[in-house]
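Shared between the two complexes below is chain A, which pairs with chain B and chain C, respectively.
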Partner chain A sequence: MTVEIILQAIVTGLMMGLIYALIAAGLSLIFGLMGIVNFAHGEHLMLSMFTSFWLWSLLGLDPLFSVPITILLMAVCGVLTHYLLIRYILKAKMLIQICATFGLSIFIRSVAQLLWTPDYRIVENPLMEGRIELGTIYIGQPQLFASLICLLAFVGLYWFVTKTETGLALQATAQDRHAAEVLGIPSDKMFALGWAIGLGCVAVAGSMMMNYFAVFTDVGINFALFAFVAVALGGFGSIIGCLYAGIIIGLVESLGGLLIDPSFKLLYVFAIYLLVVIYRPQGLFGRY
Partner chain B sequence: MLDKLSLAKQEPVWKNNNTVLYFLSSTVLLLFCLPLFDINSFYLHLFIMIFMHSVMAQSWNVVAGFSGQISLGHGLFFGIGAYATSFLFTEYGITPWIGIVFGMFVSGIIAILIGIPMLRLHGHYFAIATLLIAISFSLVFRRWDLVGAASGLWIPILPADSWIALQFNSSKVPYYYIFLVFFLTTFLLSWMLSRSKLGYRLRAVRDDPQAASSLCINVSYYKIIAYVISAMMMAPMGSLFAQYILVIDPATVFNIEISIMVLLITVLGGTGNIWGPLLGTVILIPISEYTRIYLGGTGGAVDLILYGLILMLICVFRPNGLISFFNRDVIDRKQKR
Partner chain C sequence: MRKIIISILAFLSFICAPVIGSAQDVKIGVIYPLTGSSAQIGKDAVAAVNTALDIINNKHDIPGMPLAENEGLLGLNGAKVSIVVGDHTGKPDVGVSETEKMLNDGVHAMYGAYFSSVVAAASTVTERAGIPFVNGDSASPKLTSRGLKYFFRVGPHDGMFTQLMFEFIQDFNMKNNANLNTLGILHEDTLWGSDSGSTQNKMAKEQGYEVIEKISYKASTTTLTSEVQRLKAKDPDVLLPSQYTADAFLFLNTAKELDYNPKLLIAQNAGYVDPTFISTLGDKAEGVISRSPFNTDLAKTIPMIGTINKIFKKHSGGRDLSDVPARAFTGFMALAVAINNAGSTDPDKIREALVNLDIPGEALIVPYRGVKFGPDGQNDAVRGVLMQVQNGKYCTVYPYELAACDLVYPMPTWDQK
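This part shows the complex of A and B:
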């Protein structure tokens, strides 16, 4: 066990963490806005990866160039999800809210399995390939690029939510939807927008990962579980918390896998969740 | 409050109580006589599955329907029960009957250990925590060499049928009766629970924790009680299922699909009363078994598509479950809101 290997693990964890952060930000936005946990988040990630894959496979578009199309399609998917399903369960009991998105996740995953079979698929010869060598540390170019784009998207999201008027309207709806409605902010449209942005984040992460990750129907499950952990760790509805939480999770995953036992990677991350919800239920940056 | 409680206790279980009583007793009689008619073993299997899932749904209903804590990883206790009996039998040759009790005991302990820190959490956090814990258990069992790691435990097949080893290879009828007895016992217990003081307190905790605690109901204590009862109801089904299929591995008994199935049945039927899970099972298990026959092996997850669709439709159109078509109380509660 040398310093180089540990450094390598830290770099890998950091790059993965930025992707987790963006996925978690999408979840956190929806959760903070309307108090609904999107249990289909992983399936939405899977859908966006498949979109990216099919755009490459059928139209020959490289995942780098098809990002806008993927974002647009996933945003439409988010708006549809809101208007076809979520709108009806906003006032329902929590059990019903959980079951509805849980049902959606089962539905999307099994339809995907029926249509596309559970095979693993990768994009061959993507534009972004190769690796950078920094001394003894190897950094895969697609991984580096993906994490940088995710960071950029994250900064963009943060700017949008905190600085623009629409973003402030979103925050107002998240704080008190009735008061916001009195001020003329249509909460229904804000919810739809929240879903569009949330799934847009997932679309960026998904299509960036398509450069080096295989897509299959169950791909989203682990990412969604990590996103739940990140949202709890970052704090209920806190976007900036997701960034730190995502990085922490990425580091724990890669360092834990290196130092203890790689087959229990998931357990270390789950342990964070359990510790956080027991000892600091408001998360790192929560406004509980 | 106390007056209302005693009034509620005197209320009949059902409107026109006698008809239901006759209907129920004749159904029970018919169920006991069923194997005498020499029916196809597929139908015996179907009934066994109905009994098993009904108990599982009833168990989930105690924690989710009565005390309002949504557990997304209830298959955990099913797996614990299955491993408890199989491990004791394969390693030490201890009869599964003791194994069942042992499984219940272990499940109860695990439920307490999970419940004490977790049940203080808000609903969503608890739901995610149970999901993560269930997945963690499945990961650990997949790597645990003592219990056979990923290949699981193979219960040695005995040459003759035996009630002590709980193994019947010549016919499904004994299994049918065992599951039937467990089913009826659990149903009776849940009925008693739903009419007992404990049941009313649990529902008070679910509907308004603050009001409940102002009436000297220790909220977290009752939540843990409900969770433990539920876990101990779930474990014997895992044990019996292990004896029924005779080989268990982490992918089967810790499958997240078990948790999904239990949740789906209860939400379909209706949570918070004992008839909902029963109705859900009677509708869903035949659908599930028939789709497995006609569409199984094609590789497409048609049954899962159906489950997801049903779950979403129920949530949108009948949030109180199908039982709300029959049960006047549930409908009244809905209109008042």
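This part shows the complex of A and C:
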């Protein structure tokens, strides 16, 4: 096994990890804000990918240029999800909340299959195609671009949540919704905003993935699984934790698959997850 | 309240009446994946079964096609055949519960289910109940080595297809002095993928080929980068992948990203013959070879394919007949012929008719030599073809006597595509 091959695995693992991280960030934000685990997160990723696909297919917009529209549409979807479903179950028992978002996932997947059939679709000849060759290391341009945009979105999200007034209001609501309301922060609007931003993150990741990944109605399931692991690994509610956890997952998956045995690459990821859960149940960066 | 309950019961009995049907009609339970990642294949297979029903229950002028001339099954005084369709979602436990439900509903035989893992589980339920289970389109060799009395497979299994691949490599080596000796095996980890991979590994060793990389991975994965890297590092002469659709797309995209160019890629069907495979991947699919029991260019040697395709399009919403629907159609027709021969809906008589079934190759739309089951319930008269994507279409390249095109070797590199 040469150094070049290992370097290649690190590069591809890093790129994949950044995408996992942004998907997980959306999930983590929603959980941190209102304590609800969005089991429909994978389906929201699927909706983002389909939005990006249809914008290309019907309007000829490359996923690169349609990102803002996809973000906007998914943000609206997030706000609708909050007002039509989530706000009715905010004070309900956890089991009911799980059933509600799980039910939403089945609903979205079934409607998508009804509307768009279970066919596989890809964006043909996207602007971002081909690869960069650095000596013997190959970097797929769509993957590189996707990971860079995801990193940028991540930085933007982190800045928004930690530095802006609205972001601080979001954090205040997450810490103590009643105290925040006393201070004049409308928690209902903050929750809706949280959903809009959470699904906006997924929209960025979904759009960028459309450059090289096929979309179909079940596409989100495995990504959502990694997102759940990343959120638990990084610490529930910790956005920066998602970044590190996503990268860890990407690297472990890629290097473990290359150096030991690809058959067990998920095992390595879940083994690390189990170790963290056993020895540090709050996750790497979690507070709870 | 009582009035409401009575009204609901009356309504339910009204809507259930057509499903229950008259006593002499033949009812067959059909399970396929109608949701989930292989849903389109399942829907096409059900369309193929509906095509067979159309032919069986109505008069058609299709010379050579059994049961087409009359309405219904003559052996049962013109009884019509009906189906109850269930969605197993690709999961064995769902397949089992759907099968149990249908058996309680009084089906005379079961048919399905594409996923070998589902067939393996569901056919044990029918075996216990003493109801025949006929399969047309699942390829795990293990299915017919379990000693089941009521299970019959009309289509080929991967062992037969793999044998065809090795015959091809041997013939190709002899004809072209190509010296293809090393193999790479890449397979997903469901029952079908694992069986396919281990069958290929075993046969390769028996026939003197060296397997320099054998990779199993979790089905419907998010990335195949490390797998492609390992293959690229070892660079086997021939790559033998066994993957469903999503993974096949991901594999080719990753191979392009990492510039991995196998000299020959011979796929074990599945994702590589999905009706959307070529249309979606375009140039990326060029040069890929897949084994198959069916290809539309066989219409030149089997004229019936054109007529059946026309009827199939009515039921599939305009989609053309492809590999899995062709196998599903053939399997269902074989079951119907057996029931007709049995002249009864008694499960044991149907089983006996299946054991004695002998349909000639000319009565089929696939290139099998016929349908005749061995003692293990496997149709021994099957035959497959190898086809290669050339200019955006699958073209039969092997066996040489059925070939419509010459093989393009080595397959085009990513820079050439």
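Couple of notes before you dig in:
Note that in this section the second predicted complex is superposed on the first by the 286 of 288 C-alpha atoms of A that agree within 3 Å, B and C clash if a C-alpha of one lies under 4 Å from a C-alpha of the other, contacts with A are read in each partner's own complex, and residues count from 1 in each chain.
Assume a residue touches a chain if its C-beta (ideal position, glycine included) is under 8 Å from a C-beta of that chain, and two chains touch if they have at least 3 such contacts.
For clarity, every value in this text was computed on a predicted model and none was experimentally measured.
Annotation for the three-chain superposition on chain A: chain B and chain C clash.
In the superposition on chain A, A:Glu253 makes contact with chain C only, while chain B stays out of contact range. Legend: residue contacts after superposition of the two complexes on their common chain; A:Leu95 is shown touching chain B, with no touch to chain C.
Contact with chain C, but none with chain B, is seen for A:Ile122 once the two complexes are overlaid on the shared chain. In the superposition on chain A, contact is made by A:Leu266 with both chain B and chain C. Applying the stated contact rule after C-alpha superposition, one finds that A:Phe228 touches chain B and leaves chain C untouched. Judged by the touch definition given at the top, the superposed model places A:Leu114 against chain B, while chain C stays out of reach. When both complexes are overlaid on chain A, the residue A:Ile5 reaches chain C alone and has no touch with chain B. Mapped onto the common chain A, chain C and chain B collide along 128-136, the only clashing stretch among 128-136, 200-208, 254-262 or 326-334. In the superposition on chain A, the residues of chain A contacted by chain B and by chain C overlap at 109-110, 113, 117, 263, 266.
Residue ranges on chain A touching chain B, taken from their complex, read 31, 37, 85, 88-89, 92-100, 102-111, 113-114, 117, 225, 228-229, 232, 263-264, 266-267, 270, 273-274, 277-278, 281. On the side of chain A, the complex with chain C involves touching residues 1, 5, 8-9, 12-13, 16, 109-110, 113, 117-122, 124, 131, 133, 138, 140, 142-143, 212-214, 216-219, 221-223, 226, 253-258, 262-263, 265-266. Note for the complex: chain C touches chain A at residues 35-40, 43, 189, 215-218, 220-223, 225-227, 229-230, 233, 245-246, 249-250, 253, 256-259, 274, 276, 280-282. Touching chain A in their complex are the following residues of chain B: 64, 68, 70, 72, 117-118, 121-125, 127-129, 131-133, 135-136, 139-140, 143, 260, 263-264, 267, 271, 299-302, 304-305, 307-312, 314-316, 319.
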